[in-house]
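Pasting the structures here.
Two complexes are shown next, each including subunit A; its partner changes from subunit B in the first to subunit C in the second.
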Partner chain A sequence: MSVTTGSLRARFRRTDRRALLVAPIVLFDLAVFVVPFGYLLRISLTERTSRGAFVEGSWSIAGFEYVLSTPTLVDSIIFTLGFATGVTALSLGISLLYAYAIWRATGGLRVLLLVGVLVSMLTAIIVKLFAVILLFSPSGFINQAIVASGIVAEPLSLINNVTGAVIGQLYIVVPYSVLAIYSVLSSIDQSVIEAARDLGAGRLQAVAAVVVPHTIPGLIVAGVISFTWSVGSFAAPLLVGSSAERTTGIAISDLLQQNFDWTAAAAMGLLVAAIVFVALSVTYVALGRTNGGDDE
Partner chain B sequence: MSNTDRATQWLFRLGYGSIFLLLVAPVAVVVATSFNATAVVTFPPTDLSTRWYTAFFSQQTWLRAVRNSLITASGTAVFSTILGVAGAFGVRHLDRRTSVAITGLVLVPLLVPGVILGVALLLFLSRFGLQQRLFTIVLAHALWATPLTFSVMRATFARFDWHLQEAAMDLGAGRLRAFREVLVPNVLPGIVAAAAIGFVVSLQEFIMALFLAGRETRTVPVESWLTLRNSLSPLVSVGSALLVVAVLVALGIAATAIGIDRVAEET
Partner chain C sequence: MTILHVDAITKSFGGITAVDTVSLSIEAGELFCLLGPSGCGKSTTLRTIAGFEQPDSGQIRINGNDVTTTEPHRRNCSMVFQDWALFPNKTVRENVAFGLRMHDVETAERQQRVAETLSLVEMADHAGKQPDALSGGQKQRVALARSLAVEPEILLLDEPLSNLDRKLREAMQLEIKSIQQETDTTMVYVTHDQDEAFTLADRIGIVNNGRIVQTGPPAEVYTDPTNRFVESFLGTTNFITCEVTAIAEQTPQAQSATDGGTPPVELATPFAEPIPAPDLDHLDLGATVTASIRPERVSVATTQTATTDSWLFAAAGTVEQRLHRGSRIRYELAVGETTLITERRIDERLAAEVGDSVIVGCQPTAVTFFDADGRRLR
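Here is the complex of A and B:
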């Protein structure tokens, strides 16, 4: 009996010691993520001042009041939510089509399509945005091709406006969105489609009735990725958008580096983080529901 | 097959074909324009030359950017892989609830916009006068790299048959020998892939780096961004082409190590 207890205790101690290996990663995330965020929260609750970045040691909600009462900043939040919603909708459509194509393809074509999405995912954002300028500008390759083919007489203005910002942002989110949907699709048996078609469904009908419902968990993850990253979008609207596409990311950066108003910048950063958090929680609950539905 | 079906089929092919071309176009465009002979960046290029590569490698700012990128990417790869391997191993020996909580903590930074992470870190680090150092960029990049190295290593450890290690020890191997000759060779591909992924994450990231970098610590994407804000320089094409090559090499290593399907599924 005492031997068993002894070996159990030894075993317990050994188990504990191995579990300690999580310490570095936990400490890292506490020190580099949780604590800096706590500090951001603290700064957002200081008094605003025109002398220096913020008033050390003071307590105030002036930063949040300022953000929520300044029309340009409120507009920026509203614009960003609309922008993110639009990008998410487009991203889901494009990604579903492409992920479905990978899933249906076989052999070399399947590998090729998969490589395409991986290449894009691994292309640096700055490279993609640079290429968007070169491809979509009025003198760019795509516009030249459209004009040469005679579809339009004048080049379309596809960059330095909201279209450009959306194209740029899609380049950032679509690859991840495709993979999220594909990872769910790849676990579905392809014969469900043949079965639906044997039962008389048309091609589109079979996809809409059989594939889409099974893909919902993947679509939700893809939606979360597209939405949260677009809510934080900064580079695409700044480089391929115009001054009218002022996202919250750009507004925060301006508050910090041009106005030197750390309190307001921190407050706005936390508001955006809160929006992301709410979106995530809603989705998490929704995801739990769909999974629960599948179990029944 | 009905006519509508055939039309749908062709539209479908046109759709995914165009998406494929648009997905891979940036790589083709920057590589092609980097060999352009003219000072105006045009695609497709009219005359080919390597003059912009020569110009790139003779400019101090770009050379420093290349060096900074290599240092931060290697640093991120090593640091996030160590954290990921240790964390993924340790988390196996925790009860379910703690393990879920830790996984959540590790994954959350991936969902926080880079601008906000960058601002939070900039404000926090400048309190200690630590901004504008390369290692702060490594720490920032590791926030996005560790969730991925951690996931890859969890999957790797989950695939490993731990009975093999016990079997080796039953057959007389010591703890160290079983570790070295059974566990390490089996999980090494996963470790290599994790490091490659960490390397790539850091190499590409530039929004956090933009906030944290000083004049001396700009990486290639940051330098490219600052240049692009002013003009379309052919030197950005060269920098971009180099980034593409570096990423493809790292992806090649990861794919040979664990297979392309797993890279696609786990990142």
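Here is the complex of A and C:
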């Protein structure tokens, strides 16, 4: 009996000491995530008021009621989810191709492709979006090129609309997606493609059957990055979109700064966070299921 | 029946000729080894047969059909890679089933063939495992099974055992040989290991600098090399650099008339005794000739009374070093300005200690001669 107690005590002591190792990150999380999030939750549950940001110390669900009953705000949430889904799909497609190109390239070309991603990643978002304007505006390089080549007579409107918002957002998320996918791709041996070809797979078949399944963990990470970032998108729809591209980020910013309605802003922020969390969880579980079922 | 014809293929990479007018013909059911040092072009030759490389010139025919420009997946051959290239996120069973799936073999037959092939390589118990969970030897077996499952007309193996330790390698060599005999599959096997080639091959093609130097059964290439490179690559040998000091005067008519009785060419050696060589084709006085004697064929007499009459030459030397190498003992004998190596089985050790004087020589048939360009002289 005494032996058991002694070993239990020893085990506790050991656990305590190990817990110390995690302490810094727990404290950091508490300070920068849990406390502000709790504060946000508290504000979302206060009474709304026209005199000031919110009524301190009050309890109410008026903020949530307001957000869910205001068509412009609900539309904003729906638009944002659609926008984020579209951007994520495009981002995954582009990033998979780009990452595959890096993986297959050798020597200087591989370095060049990688540097391209890193430079884009390290460029400030605003600078990147101005580059998008320079490239895609009606008098920009791309429009000049396609008009000059005679494919279209008039310049295409590629910015200041939803296309522009999507392009801008892609410029922001694609570099991260590429690196997430490439990091997984680089761990497989290129000879598996030759092996697949050798066993009767065509070029595309070899990639689809051997490479893509292996990149799934990378695709998940890339998808999460693209989706969560796009749900929170602000700069791209604001600078290269139009007023119709009112994402939740822009709506919340308006609630905070123009309406000075912190209760509604906090409630909307929490709603979006909850929706994203549910969406990602469902996707993750669904992907896990299809992956596990691939057996002879 | 000849199943594979490789007709004068050449392949260069950026100015470096990896494969230089290589021609081969492989018989059905044969195990053919391409043997050569690393970087000699043997793997490129194999990859060209598989279709991963396009030859700059030349033709490849399988069963009489020109497949030179056919894509790899449309050729009826399959390759076992050096690093095995197993699909990392498929189980052993899925790996082996992959080729059959690509060939649209229906499920029931596919499952049966996967099971058969896995039991052929003794991996049936591991069918559900991921490649990561397997040892090197097991991965090798799966790679072999994956290629055999599609029943290729030609199985190409690119140094498949070079990542295994020696013991496992030797066991797998015998196993590949028995699988080859059991399935009657034509195999082209690339290796840099001469022991492996000798163990496995029905015929060996020796490759150097992108060219096939000699082709033939293992025993033939070992005992009858056409080229100095082949002689040196296939195991240790003693090269003795000699100079032609005398050629018996004779007319061409006399040469053909006196069969076997021709006066010898005399070669000056780095030791006191000249080597009387048989008549060697077109040699000039002063030409350099390399004589090669395999260590196991060097004769050593440890007593002055020993008979050396039948020897080609008999030179005085001393035992310089004795090295025990497992079942064999290697002696280094200082003879004049050169050192000759000889090997004896441990139960046939020389009755001589380091520093003892001995007489060194060899039987007339033990020597092969090469000219300054490395060509065999006969």
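The rule we apply is simple: the second predicted complex is superposed on the first by the 248 of 296 C-alpha atoms of A that agree within 3 Å, B and C clash if a C-alpha of one lies under 4 Å from a C-alpha of the other, contacts with A are read in each partner's own complex, and residues count from 1 in each chain.
By definition in this document, a contact is a pair of C-beta atoms (placed from the backbone, for glycine too) under 8 Å apart; a residue touches a chain by one contact, two chains touch by 3 or more.
Remember, predicted model here, so these are calculated numbers, not experimental data.
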Once the two structures are overlaid on subunit A, check if subunit B and subunit C clash or fit side by side. fit
When the two structures are overlaid on chain A, which partner does A:189 contact: first (subunit B), second (subunit C), both, or neither? second
Tell me which partner touches more residues of subunit A in the superposed arrangement, subunit B or subunit C. B
Who does A:202 touch here: subunit B (first), subunit C (second), both, or neither? both
So, does A:231 touch the first partner subunit B, the second partner subunit C, both, or neither? first
Contact-wise, after the overlay, does A:117 reach subunit B, subunit C, both or neither (first, second, both, neither)? first
Looking at A:25 after the superposition, I want to know if it touches subunit B, subunit C, both of them or none. Which is it: first, second, both, neither? first
Examine A:214 and indicate which partner it touches, taking first as subunit B and second as subunit C; both and neither are also allowed. second
Once the structures are superposed on A, label A:36 by its partner contacts, choosing first (subunit B), second (subunit C), both or neither. first
CA minimum distance (subunit B, subunit C), superposed complexes, angstrom: 5
Intersected contact list for subunit A, partners subunit B and subunit C 202
Contacting residues of subunit B [partner subunit A, same complex]: 2, 4-5, 8-9, 12, 15-16, 19-20, 23-27, 29-30, 33, 41-44, 82-84, 86-87, 89-94, 102, 105-106, 108-109, 111-117, 119-125, 127, 139-140, 142-143, 146, 150, 200, 203-207, 211, 221, 224-225, 228-229, 232, 236-237, 240, 243-244, 247-248, 251, 260-261, 263-265, 267
Contact set on subunit A toward subunit C in their complex: 188-189, 191-192, 194-202, 205-206, 209-210, 213-214, 294-296
Give the list of subunit C residues in touch with subunit A in this complex. 50-52, 71-73, 77-79, 81, 83, 85-91, 93-94, 97-99, 102-103, 111, 114, 146-147, 150
Show which residues of subunit A lie in contact with subunit B when the two form their complex. 15-16, 18-26, 28-30, 32-37, 39-40, 43, 94, 97-98, 101, 111-135, 139-141, 171, 174-175, 179, 182-183, 202-204, 224, 228-229, 231-235, 239, 249, 252-253, 256, 262, 265-266, 269, 272-273, 276, 280
